[in-house]
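The structures come next, written out as structure tokens.
Two complexes come next, and they have one chain in common, subunit A, joined by subunit B in the first and subunit C in the second.
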Partner chain A sequence: MTDKAEKYQRVAYYPGCALEGTGHAYNRSTKAVGKKLGLDLVEVDNWNCCGAMEVKNVDPKIQTYLSSRVMSIAANEMDMDVVMAPCNGCYHNLKKAEYDLTNDDQSVAVVDKLSKKAGHKTYESGQVETIHALDWIKDAIGEDGLRERVKNSLSGLKVANYYGCMYTRPRHIFPEKDQGNGSESTSKPHFMDDLLAAAGAENVDFPLKTACCGGAHTLSDSDTSTKLVLNILRAAKLSGADVIATECPTCHSGLEMHQIRAEKKFGEKVDVKILYFTQLLGMALGLKPRKVGVHENISKSMPLLKEKGIA
Partner chain B sequence: MRTLFELEQAIDAVKVDDDPVVAAEELLSIGEEVLENWIVAKDGVPTDETREGFRLLALHRQGTKNDPSFNACRETCRELAYYFNLITLDPDATATTNRTAMMKMISNHLYLFISGKLQVAQLGDFCCSAKPIRMADQDNTQELEGV
Partner chain C sequence: MPIHEKSLIRPEDLHTHDELVIDGVDVSGHWSTFIESRVVSDYNEALQDEIEALPGGEYIHRCWQCGSCTNSCTVNAINPDFNPRYWIYLIRMGMESELLRDKDIIWQCVSCNKCTYACPRDVFPEGVMKATAHWLERKGHTSTSPSTHFDTVFTEQIVATGKIEESRTIRRFFQRTKQSLMQDWMIEMVKKMVSGLPVGLLARMGLATLVAPKTKDWSRASAAIQEYIDEQHEKQGEALDLVKLARQTGDTKAA
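Entry: the complex of A and B
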């Protein structure tokens, strides 16, 4: 077992707000997959919002503080050295806070001041490593480890892997990416492709895998969001995909909701199913669809999963 | 330079089963003009330079200056260039019609993103939330002095 694999066997789990709401199926399936793989998830005590959207517009340094508090609890109160965040927004913001606390003295000063006022230890850069659920499974188990554990191959299922725009951008906050063999690519991410291929899925060539889904404007400019999603759905269909696999609750909800809205608003139905990659992995590992929250999705994928012999 | 409305119509008008090289050149040109619209709207003069052989990529680079959230369409531009190469370097390939249809969707995505961003400036900001830090808003820090 590599050092990283050993380190990731037990991680602090930061689900974030979305996974308690619209992304609950992602929460359920991540925990179920972790348990099935024998990986230990210890939820961060009394965690708070990472400051994903609104707070940033009020004051970006408060966002840095909010993310730092989560890391501080993991490091200083739980004695953990890895925080795993399955949500792209949380993952991105924790990484950004880490970057800013390493490179920006003003951020360090503000976080220190707010941490003292809040009565907890100030997070210092480097105390924890923030990883995504993709890093977690890829490094703790790996493709070979997954292949050995697959009981219900995803063979015959064509998957378009959609990473969204936050998993790899901006590049400078992800220093571990683009480091050659074995590392993730910021221009052509592949970790989800690798994991699902190990579970037997056939990945299709999907050029919009990191394209904007308009998630942040789903309320303020719904038509733009719907058109962006519709274009992603069409491209996935054209690429031959049965399913779009997701790894971000905002993207996932956006794809599901705007798929329906596109039909109502523009009269176009694109029949491609949307599932979290953890749901697909869970079923490949032998978990029942209900155990990974397929019934919680808006996208009705059970007929397809039965047809493919996965459910 | 065509207007965004004209470019939307031009994307719709591209026939994927006609001459693939003509279609690919038109879609690449549309991509460039979409980016030109963004640069002109920001009081810039669109560059004639190329980057990695593509004016499209040089225009994207130019559009990103002072607005990191514009990077949310970086890979879309690169995919457009990639599909242009796939189609024009081997127009007789069996996959060409499919590739042209895909290039049309990529071009449409670029159009939707940038036209959306011209209406709602923050489109893409969620993705590139390091922007405020990079722009170092002194006022924010001063406000927090009293915390």
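Entry: the complex of A and C
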């Protein structure tokens, strides 16, 4: 077992707000997959919101503070050295806070002042490593490990892997990416492709992997978001995909919501199903669709999964 | 996608005179079409400093106008008038009246950070877009955008409870922007969402809308965050000279 694989066997789990609401199926399937793979998730005690995409527009340093509090609890109160966040927004903000607290003295000073006033230890950069659910499975189990454990291959299922914006941009907050040797790429991410391929899926050549779904303005500028989502749905369909695999609750609910909105507002129906990658992996590992929350999705994929012999 | 630029000749700057004689020569009609001169004289020398005083705008001075931001822009691809490079140019030149022509679309930046990724000078154009949108609002050039309403509703809930309960945020946003929640697509979506859910989960979600999830012992963090936000807001107001602006316009809200 590599050092990383060993380190990731037991990680602090930061679900974040969306995974307790619209992204509940992602929460459920992530936990189920972890359990099935024998990986230990310890939820961060009494966590708070990371600031999502909104707080930085009110004040970026407050966003840094909010994210630092989560990491401080994991490091100082739980003695953990890895925080795993399945939500792109949470993952991105913790990474951004880590970057700012390493490189910007002003951010360090503000976070220290606020942490003291709030009555908890100040997070210091380097205390924890923040990883995404993709890093977690990729490094703790790996493709070979997955292949050995697959009971119900996804073969015959054509998948477009959609990563969205916050998993790769801006690149400076992800110093471990673009390092060669199988590291993640910020221009053409492939970790989700790798994992689903190991589970037997057929990944299609999908050009809009890191396109924007308009998630930040999903309600405040809905027409723009619907147009952006339509681009993604159309491209997936044209690439021959049955399913778009997602790894972010905001992207996932954005795709589901604007798929319906596009039909209602613009009269355009694009029939492609949307599933979290953890739902697909879970079913490949032999979990029942209900165990990974397929019934909770707005996009109804059971008929397709039955047809493909997966459900 | 090529960089879309505005036409330098605007329809309102073209003048045709039905009857016009110049130096004894009759140039009536088509032959008298003139283009209004575009000499700019009303520079706002403070414009770049003001944008730099707002969060996100700090590095605008680094821009060397390569256009990578506009070229990579998600919103530009669906609206060619959305042009970050051009706005950065106008701000650096102090051409405020030109910038104001686009005041109603600048807030539409979706924060995808493709520009930040593409920028060779670390200008952080995404931040500049946010700073510019906030500048427009705080100077009173635009009303509060739906995006700012959403950010405010969202942040208020975090300051109050430490966490977000989505249905509460959505309801408050629709209230504050005076929209009905009963949109046909929203109803359709909720129907589809509810149809597959077991009773237990529905009950749990219903409960969350009644009793907001909270971070325990949040009050000290809440007070510290609010104090910091207020402090910064005031500092930015000073940098934007809003007190003076309020005195001039008699509008006390701007300060």
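The rule is simple: the second predicted complex is superposed on the first by the 311 of 311 C-alpha atoms of A that agree within 3 Å, B and C clash if a C-alpha of one lies under 4 Å from a C-alpha of the other, contacts with A are read in each partner's own complex, and residues count from 1 in each chain.
Convention: contacts are C-beta pairs under 8 Å (C-beta built on N, C-alpha and C of every residue); 3 or more make two chains touch, one makes a residue touch a chain.
Just so it is clear, the model here is predicted, and its values are computed rather than measured.
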| item | value |
| --- | --- |
| Clash or fit, subunit B versus subunit C on superposed subunit A | clash |
| Touching partner for A:169 - first (subunit B), second (subunit C), both, neither | both |
| First (subunit B), second (subunit C), both or neither touched by A:265 | second |
| Partner chain(s) touched by A:99 [first = subunit B, second = subunit C, both, neither] | first |
| Which of subunit B and subunit C A:60 touches, first, second, both or neither | both |
| First, second, both or neither for A:21, with subunit B first and subunit C second | second |
| Which superposed partner A:297 touches (first subunit B, second subunit C, both, neither) | second |
| Touching partner for A:107 - first (subunit B), second (subunit C), both, neither | first |
| Contacts of A:47 with subunit B and subunit C, given as first, second, both or neither | second |
| Which of subunit B and subunit C A:238 touches, first, second, both or neither | first |
| Shared subunit A surface residues [contacts with subunit B and with subunit C] | 52-53, 56, 59-62, 110, 113-114, 117, 165-166, 169-170, 211-212, 214-217, 220-221, 224, 227-228 |
| Subunit A partner contacts - residues on subunit B that touch it in the complex | 68, 71-76, 78-79, 82-83, 98, 101-102, 105-106, 108-109, 112-113, 115-116, 119-120, 122-130, 132-133, 136-137, 140-141, 143-144, 147 |
| Residue ranges of subunit A touching subunit B (in the complex, touch as defined) | 52-53, 56, 59-64, 89, 92-93, 96, 99-100, 104, 106-107, 110, 113-114, 117, 164-166, 169-170, 172-173, 187, 207-212, 214-217, 220-221, 224, 227-228, 231-232, 234-235, 238-239, 250 |
| Subunit C to subunit A touching residues, read off their complex | 55-56, 74-75, 78, 108, 110-114, 116-117, 124, 130, 134, 145-152, 154-155, 158, 162-167, 170, 173-174, 177, 184-185, 188-189, 192-193, 196-198, 201, 205, 208, 213, 215-218, 220-221, 223-225, 227-229, 232 |
| Contacting residues of subunit A [partner subunit C, same complex] | 17-18, 20-22, 24, 46-49, 51-62, 65-66, 69, 110, 113-114, 117-119, 165-166, 168-171, 186, 211-212, 214-217, 219-221, 224-225, 227-228, 256-257, 260-261, 263-265, 295-298, 300 |
